[in-house]
Structure formats: structure tokens, C-alpha cells
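Chain lettering (A, B, C and D) follows the sequence in which the chains are written, and residue indices restart at 1 in each chain.
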Amino acid sequence: MRVEQLVSEPAYTFGGRPAALTVAPGTVVELSTEDCFGGAVRGVDDLPSQVCQFPYLNPVTGPIAVEGAEPGDTVAVHFVDIRPRRDWAISSTFPHFGALTATHTTAMLHDALPERVWRYEVDVERWVCRFLARSSDFSVELPLDPMHGTVGVAPAASEVIMSITPGAHGGNMDTPEMRAGTTAYFGVNVPGALISLGDGHCRQGEGEVCGTAVEAAMSTVVVVDLIKGVPCPWPRLEDDRYLMSTGSARPLEDAFRISQHDLVGWTGELLGLDALDAYQLVSQAGLAPAGNVVDTNYTMLAKIAKDIVAPQAFDGVHNRLRATAREYLAQR
Amino acid sequence: MRVEQLVSEPAYTFGGRPAALTVAPGTVVELSTEDCFGGAVRGVDDLPSQVCQFPYLNPVTGPIAVEGAEPGDTVAVHFVDIRPRRDWAISSTFPHFGALTATHTTAMLHDALPERVWRYEVDVERWVCRFLARSSDFSVELPLDPMHGTVGVAPAASEVIMSITPGAHGGNMDTPEMRAGTTAYFGVNVPGALISLGDGHCRQGEGEVCGTAVEAAMSTVVVVDLIKGVPCPWPRLEDDRYLMSTGSARPLEDAFRISQHDLVGWTGELLGLDALDAYQLVSQAGLAPAGNVVDTNYTMLAKIAKDIVAPQAFDGVHNRLRATAREYLAQR
Amino acid sequence: MRVEQLVSEPAYTFGGRPAALTVAPGTVVELSTEDCFGGAVRGVDDLPSQVCQFPYLNPVTGPIAVEGAEPGDTVAVHFVDIRPRRDWAISSTFPHFGALTATHTTAMLHDALPERVWRYEVDVERWVCRFLARSSDFSVELPLDPMHGTVGVAPAASEVIMSITPGAHGGNMDTPEMRAGTTAYFGVNVPGALISLGDGHCRQGEGEVCGTAVEAAMSTVVVVDLIKGVPCPWPRLEDDRYLMSTGSARPLEDAFRISQHDLVGWTGELLGLDALDAYQLVSQAGLAPAGNVVDTNYTMLAKIAKDIVAPQAFDGVHNRLRATAREYLAQR
Amino acid sequence: MRVEQLVSEPAYTFGGRPAALTVAPGTVVELSTEDCFGGAVRGVDDLPSQVCQFPYLNPVTGPIAVEGAEPGDTVAVHFVDIRPRRDWAISSTFPHFGALTATHTTAMLHDALPERVWRYEVDVERWVCRFLARSSDFSVELPLDPMHGTVGVAPAASEVIMSITPGAHGGNMDTPEMRAGTTAYFGVNVPGALISLGDGHCRQGEGEVCGTAVEAAMSTVVVVDLIKGVPCPWPRLEDDRYLMSTGSARPLEDAFRISQHDLVGWTGELLGLDALDAYQLVSQAGLAPAGNVVDTNYTMLAKIAKDIVAPQAFDGVHNRLRATAREYLAQR
């Protein structure tokens, strides 16, 4: 088991910069990420629009180049551990950003909604975070469910894309499924794939409705692997129970269509079904939660239980990565 | 405990016809529903486009008038039992209908996808149904999770709306959450509310991707109740664990927005939070699964766990109806 | 030339009521319509939300039954004259209605935009109306271009649909093309077709952005005709220069798709082209203005010049109705 | 009057490369562009999917740096002349691209529509091009109306964006309004602005429905100018009759909202109206044609006649550029 540390300058795009670390397939990588505010919002009086400066939002760590990765291959990123680095985390509204507000593209004549910051208390021992209302004394503890909102590879067609945009290259999908125990698959567009990640969340509701989650700096461990000769047109996820396809687009039904179309194809391939039979099976057995409905593209997931479809996708890489993760955690 | 039987002619709209049964609040109603094909598709050679005739699809049973229900009130429909009436059920593709096909509104130059029928074996004893692929020998058992795709009340503004359309009046929301144990709430638009229901599914994936679920005739028992003086602008659901708001619209992000907006308002009201605090809490603790992404309007759900928000919505009517249900089931 | 007068109670739906007048094909019908506020807004202090009561908005006159019209046929409504009945007209914003505001379906946490009324001076002699700004002394004269926002027939499937909703039955399409000199075609869903119309506008920009046009009571003359055995799946328009297809749906691209799909089919049929050749020709020669982007469905138009496509659609009925119109106007 | 020639390697992105030519504001620039197929499709048997290679589509010429242009400024690109360079031009369908076909994002289970190429005869003398049907003998002459589908500047936030994507930086808006006589305005994101253009069309219908226009290599002359200290958040156009705002987004209603929102703001500023008064005036006097409804973002235009709003936008730069254009054309 090879273990490497990744240290990199904060970056704000996918694509457009060289590898910060090059690793062999199967390597465990330890890294840390800053929160989506670049750590600049530390309390309820730090308004993001004042302390952060567009476009220096949502920093990502990386990129990691995977040796041997070429266009047409798929890289796997298995999350071994995602751990908040501070005893607080931040959420906020942000002017003209969110699902229930006018935005720069859903352009309206309303003034922006008020900008408000919430500071969560984070207790890693008890694995909870505490929401404190700003307008009343109400507070409630919520379980930690740490995840990364932003994970992806360098895009195709020489594009350089802001880290806040999700797409076929991954990016800011903002799905709570990107937690420890999950393997994410991305199609490779450039040699080395160039994996970056960031935007850690202590937890996040589906849809990330107000535009931000419980944003936190993270200490994260991943295992990176390579599947040669197998393409992956849209990011896919796998955990011990589910296969998941993602779609990121607007309108939201197109994100849904992409994810379902991909899962239908994947299911058909794994089970030897034609397209209509796979369509039917996914229609009756699938789940379809929202990822985000706030970013420059929206993200939907299509999920199907592995006990229905197949124990082994991508030639069983998930199970191998799980084993590596266990070995790493046992040694740490 | 009052128990009534409802028998009615099949109908194809919400609105436009008188009550088939009038009951006092709190009454248990036993009824049966036909499948969305009107029972005309019985095997894989019965193509819906040949044996069914538009617009005589998706028949509903009812309406049930609730004594004392007036515009401005809310009616509650608690599902006590939903039980397939046959040992088979049907699913199919249907020309120009479904999420991954050109439709009459997402109009394209493609020919329709092939029309195909799947006949599921239903085993109520073992509480499973069996999918049999048409293009191969593959088959798989799936758990039964019976539900009603279509439940609602007469619409506002003197409208008469096809039963296949979901909206503020309920209708064909096609969410798997409409199962036994769930209470559905609808704002009342006309005296008596005029509740109808149909479109039983042995089970359904989120999104109802291919356009139909595992469609079955059902024997169903509901308890109907009335909450005076409390409006309900969009249908809401409650089970033992979750409060759920629905939104039905196009594009899909508007269905999402409606459902989240309603849940934010509901959460704020139950917890005494202002809009931004409720927005924040729902953003971190909420779930957002798709209902349907195939009907004339799409349906999204916004869910929040009752242990986070509140044990008691609508003055605790869900718990009272659960008690009635238990009493009924004990006596049956 | 037969001439009839239509007088009817104001109605607020398409479908759901009997004919107010039955005429033979080819009959000239004189009628009047009230404005979308039912005449209740007469000055800048009459706020619609106070003086109008939902759902009693957008009254239509009719319906007119056409003798012999059966499902599968098409009725033609040719506009001979549309003339404002008063020397003033009204426009307004309306809470939660319009293209640049949160609405009940594009649900957001913003307060409603301010409600404001504009009273236009209408000078039929000089064929102009005058906009007077409310926030300054600015005013400007705009040419009159009178039209009807709402024209349609009883819907299919026994539906009864609010007059503010556009769809396959016509309804509130709110396109400025519905002016004198235009023939509108509607597929017949019920015996007699049952044509209603209302929502006169002194003029309207494309998109009807703020939600209302320069709303006015109208004296209107139409000629009604019947094309037997020819269906018309979505409303079509024809004037001396253009053939036009309409599509009404959400999202707006579906309204676009419907209208273009219909125009491609229509063009192919008139010119004997296959679908791809017609697609190509429409792509290079077509126009695509917005109708409305504010109503419960949005409306797009697809237009192609008759000198490119064909002088004669629907067997030349437009030219015959133009002749009838000229005859009527000469005699008046 | 300064006149410069621009020669550059074909490029496929906005952003990501240095200036090919640097000019002072007010300079006339002569350049040529290749068609969207890179000239590789020359006849009906050259299928784009075979002779072109993704992502090497839609080459642009440039970029031109404007001396003194800084973020916060606006650059003006006035089209003096756009002239087809060959006596033929090409249009085609392309698999999974177009408004009436399943695409990679509006993902469906349909096979791709057939790929077909049309070769237009172009007669610059008579200023016409000829459509020849592929499925029949039909042919028709259409007037030339040469334009550039793709014009824009380097994007903000260090992004590098494929030339086929329209957005706030301009890009592939595909509006027929980008013709000789039009001035296009773009907000500057990087020093020099870095203007590129390409994708010449002999003519194009609104919406570019099939995905391609009458694609042609062009000899083009522009005048480039600079407006210091005035931002331009979305591309704007001006010709002798209209002011026009553009919006590029999905769904199409967001493209509409952006364009209308911008035009409302612009109108208000020019006339000294508050937002509601400007909203009202645009609502009654505006036009709203589609640009493209096929690209990775859709484009809508919002237009208002200059005789209603204002003779002088951007301090009259359009008139000055018109004068330069006349001077250039007189000397040529």
C-alpha cells in the first residue's frame, strides 16, 4: 500500500494547471481542503459578499495525476475518510444564489434576499453539528455526514471550468452521496486525468437549497485507481449498496434524463438486457434524489440497489478499494 | 369507528362530477381501484395504444365528499391498506410518453420508441413481484411497496382536470411515498373537497422513468378527516418519520422550488423560525426525491425528518388517524 | 354573407358551458369583449389584487358553436376588426405574476414586486396609445396594434381549463399576431368546437413580460369557418405573409419545440418534403418570436413566409375569409 | 482611419490564448473566417461526424486585443461587411444535436436522427442562396443575410470555454441580428478584451432549429472600439433601428429572463425610469425573438425600437462606428 501526501495551492478551476502530485494507480492520498469560502468566513458577521472575492470561491486541492491514465479510461476516487478540521463550520445565504431566490440567470427585478451567516458547532467526537437559529433561540443537533461537494477531473476540449460548475467532468455536483465509503468514477479527458477536490460539507440536504451546505475545511483520505480502456461519459458513484449515475445540466429534467439514461445503459450492460428492459427495471427499482439545484448546472442522481443489479461494476474495483481503505485505516 | 364502502363508476378527471359517497370526518372508507389501463392490458401482447382509448386512461374511484369541508380547510386522507387485487400486474412503455423519449410536448422528429408490455407476477403472500425481461431470460424479484399514483381533490376555479395531471389539487403525483401508513393533506377548493384516487402501483421507482409503474388494481382502505380553517396550498404528506411537501410543475426545478418553498414555510411555522432560518435548516436536513418526471406536470418532494422538525403537524391528526387505522386493522 | 351578433355572459374557462350562439360556417360574428380585469380597473389607484377576485379574471365571450364541426375537423377564426371600445386602457403588474418576478410556481422567498397600474390614453382616430410613466414625467406614444390574447375552443378529454391557460386548445396564447387580418385555426375537440375569445390588447410586446398588455375592452368582428376532415393538433395562424404554428408548454424550449415541430410538419406537407428537408428549410427561413412567457403555459410561435412555402394552406380558406372580411367592411 | 489585417490560426475556445493582433480603439480590422466545419464538409457526401473531429468544430479567428481595454470597460465590435468567400455553403443535421432531436443532455433512448448534408449554391452577385431538397426536386432561393454566429471576448474567472457555447462573454449566440450594420457590445473580463469571431452564416432562421445554419467561410470587416468605465454584463447589440439585449442560458425562459432583465435596466437608465416603469414600457414595446435553441446554452434577444427609447446608447458609439464604416466602404 502506497500512501502519498498532496499539498497544493488553492485553485478555482478544473483544467488549466499542471499536476501537483503524480501517483500510481492504487495509491492512498492524504490531503486537506479549505471550505468554499476559502476560510474567510469565521463568524456570523463575516458576510461572504464582503470577505470573499469572486471568482476566488470554492477552492479545490490538486490536481492529482494518475500514472497511465489516458482519454478513454476511467479513474476511480474512493473516499476513505473525510474529517472536519475545525470545531465550527459555516453556512450562509449569498446574494442572487440559491434555489429560492432570483439569480443572475433566473433574472428578476427583486432585490437580493438578505445575506445571513450561520456558524455551526462541530463535535467530531460525538459526530454531530449544531444548528443555531439566528432569529430565535432554537437550536438542534444534526448528525455529521461529511462529504465533498466538488470532485472531478480536467474537462475535455481544452476547457477550463470554474470549480463551482458541475458537468461531465464532475466538479461541483454537491451530492451527499460523495461520502467516505463511496467510490466515484470519472472518464479521463487528458493524460493523467488530473483529479481535484474540495468543498467539504459536514452535511448537506438534497438540493443544497439555500446554496451552501455546512461548509468545512476537511482532512481527507482517498484511494485513486485506474480502469483502462473503459470510458465513463458522466460521473458514476458506487457504495456498498448502490450504483449511482449522475447528470448535471439545466433544466433539472435534463440532469434527471442524463442520470437515468446513464443508469439504464449501465444496468443493461451489467445484466445483459436490451435498452427497453433496462429502462423498465430502472423505472421500478430506481431512486432519483436531487444533488444540487443551485449551481450553474443542476445535478440529479439515479440509483439502483446492487443486490438487484449486480454485485460487480467496473470489474469489482469498488471492493478492492474498500479493502485498501480498510488496510489503511487499520494501520493509521 | 365508522366504516363505509365506496363504489363508483370509473372517472377520468378531478372535478366535474358529484360525490359518489359522503362521509363524516374520521370515517374509514373501503374501496377498490382499477389499474391505469382500465384493466384492458392483461398480457404482453395487449399493447396499450391498441386496447386503451385516449382519454379513457388512469381511471379514478370517487369522489368522496367530506361533510363540512369548505374552501380554506384541509382534508386528510390516511392510507390504511393498499393491496393488489390480482396475482399479476402490468407495466409498459407507451408511444411518446416517458422521461427518455420524445413526447407531444418535448416534440422531436424521432419515431416513437417501441411499445412493450411487461407482466409482473405478484405474490401477496410473499409480498414480492417478479420482473421478467422481454429480451432475455433475466428475471428478478422486487419487494412489493403498494401505493397510489393518483390522489386528489376537485380543483379550484371550476376547472376539470384530467386524472393524469398532477397539480395543486393533487392528482397524478406518482410518488412512492403514497403508501399505507402515509397521511396525505389537500387544500379544499369546493364544498366537500371531493376526493378521488386511483392508479395503484405494486411498486414504483422514483421518477416513474418509463412512464408507468407496476400497475395494479387495488383493494384500498383509507381514513378521511378534516382540518377546519387551515389551508394547504400544495399537497403535503406525513408518515411516522417524515413531513413532506410536494410541488408539481414544469420545468422540474419549479416542482422542486414549490416543494422546497412549501417545506420551508411549514418548517418555519412549526418551529417558530423566520423564513431564512427555516430555509437554512431545510437546506441541511432535507431530502429531495423525484416523484414523477413523465406526467403533464412533474412532481418533486421535499422531506424533513419529524425528529428534527416537530412531532406534531396539523395538530397531530396523523397520529389520530394511525390509531384509527390500527383499530380498523385489529377488527378486520 | 351572414352576419350575427354574439352576446354572452362573461365566462372564465374553455369548456364546461353550452354554446351562446350557433352559426353556419362562413358567418360573420360581431361581438364585444371586456378587458382582462373585467373592467374593474379604471385608474392607477384601482389595484387588481383589490378590485378583482381570483379566479374571475380574463373573461371570455362565447362560446360560438360552428354547425357541423366535429372532432377531427378544424375551425378557422378570421379577425376582421378589433377596435378598442374606450379612450383608455390599463396595464399593471400583479403580485407573483410576470416574467421577472417570483411566482407561485417559480416559488421563491422574495416578497412580491410592487403592484402598479398604468392607464394608457387611447386615441382610435390617430391609432395610438400613450404610455405615461408613474415614476417620472416621461411619456411616449405607441402605435395601436389591437389583438386578442385569448382565443380558443373547448378542450379535449372533457377538461375545463381556466381562460388564462394556453394549450393545444388555444386559450391565452397572448401573441401579438392575433390581430385583424389574421386567421386562427383550431382543432375541434367537441361538437360545434365552441369558440370563445377575450383579453383584448391595444398592443403587446412579445413575451408580455410584465404579465399584462395594454388591456382594453374591444368591439370585434370575426368570420368563422370550418375545414372538414382536417385535424390541427396545435393552433395555427395565417396572415397575408406568414404561416405560423404555436406551441404552449413549459419549459419555454418545449413551447419552441412544439411550434417548430408543427411548422416542420406543415411545411413538409405543403411542399412535399420529407421531415429532414422540411426541418432544414424551416431552420434557415423561419422566425421564432415569443408569445407569452408569463402564463401558466408559455407560448412560442414558429413562422415562415408564404412566398417561400406555399400560397395556399388549408385549401385557401384564408383568402376566402379575407374576401368575406373585405365584403363586410365595405358594407359596414 | 486605421485599417489592420488579422490573420490567426484557427482556435476552438474563448480564452486560453494570447492576442493575434493588438489594435487601437477605432481601428478597422479585415479578417476571414472558416465555416463551422473547418471547411471539411464540401458536398452532400461529406458527413460531419466522419470528416470533422470533436472538439475541432466551430473555429474562431482572433483574438484581437483592444489597447486600453480593462475589466469594467465595454468593447464594441461593429460589423462593416460580411461576405461569403465561396459560391457554396453547407448545412447539415448532426447526430444528437439540434432542437428537435434527443441530445447528450436531453438524453433519450432514441437512435440519432439521420445525418444529412445540404449544399447551398451561393450567388453573391444576386445576393441569394439556393436550398436544394435532398428528398425531392424542390428548390427555392432565399435572400442572403450574412452574419456571424460566434462573436465574443475572453471569459471571466480564468475560464476557457468552447467556441460553441454562448454566455455572458458572447460566444456562439447564433442570432441573425449579428449582421453588417450591427454593433455588438461585450463587457471586458481580461486586459485587451481578446475578441474572437467565426461561424459565418449566409443566413439563419431564428432558433437555428436543426443545429446549423447556411454555414460559410466569410471575408469580414469590423471596426473595434472601446467604451471606458462602462460595464456590460451581457452582450448587447445595436443597429440603426433597435437596441437589443441578449441572454444565454438554459432553460430557455432563463435566457429570456436575462435578456429582458437587461433590456429593462438599459431602458430605465436611458430614459430615467424606475425599474417598474421600464418593465412596463418594454412589456408593451419590446420584441423577443429566439437566437439559438440548440447550443449548450440557448440564446434569446430582447429588442426595443430606438425611436421609442433613445437615439443614443453607449454615448453614441454606434453612430460613430457607422460613420467609420461608411468611410471605409467608400475608400475600398
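In this section, a residue touches a chain if its C-beta (ideal position, glycine included) is under 8 Å from a C-beta of that chain, and two chains touch if they have at least 3 such contacts.
Note that the coordinates shown come from a computational prediction; the quantities given were computed from them, not determined experimentally.
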Chain whose mean Cα position lies farthest from subunit C: A
Pair sharing more residue contacts (C-beta pairs) when A-D is set against B-D: A-D
Centre distance in Å when subunit A and subunit D are each reduced to the mean of their C-alpha atoms: 35
Approximate Å spacing (C-alpha centroids) for the pair subunit B, subunit D: 47
Numbers and ranges of subunit D residues touching at least 2 other chains: 100, 106-109, 113, 250-251, 257, 260-261, 264, 276, 279
Residue ranges of subunit C touching subunit D (in the complex, touch as defined): 91, 93, 98-100, 113-114, 116, 118, 131, 133-136, 138, 140, 142, 203-214, 250-253, 256-257, 260-261, 264, 271-274, 276-277, 279-290, 293, 298, 300, 302, 308
Residues of subunit C defined as touching subunit B within the complex: 12-13, 15-16, 54-55, 104-109, 156-162, 247, 249-251, 254, 257-258, 260-262, 264, 275-276, 279
Of subunit A, residues touching subunit C in the complex: 100-102, 106-111, 113, 251
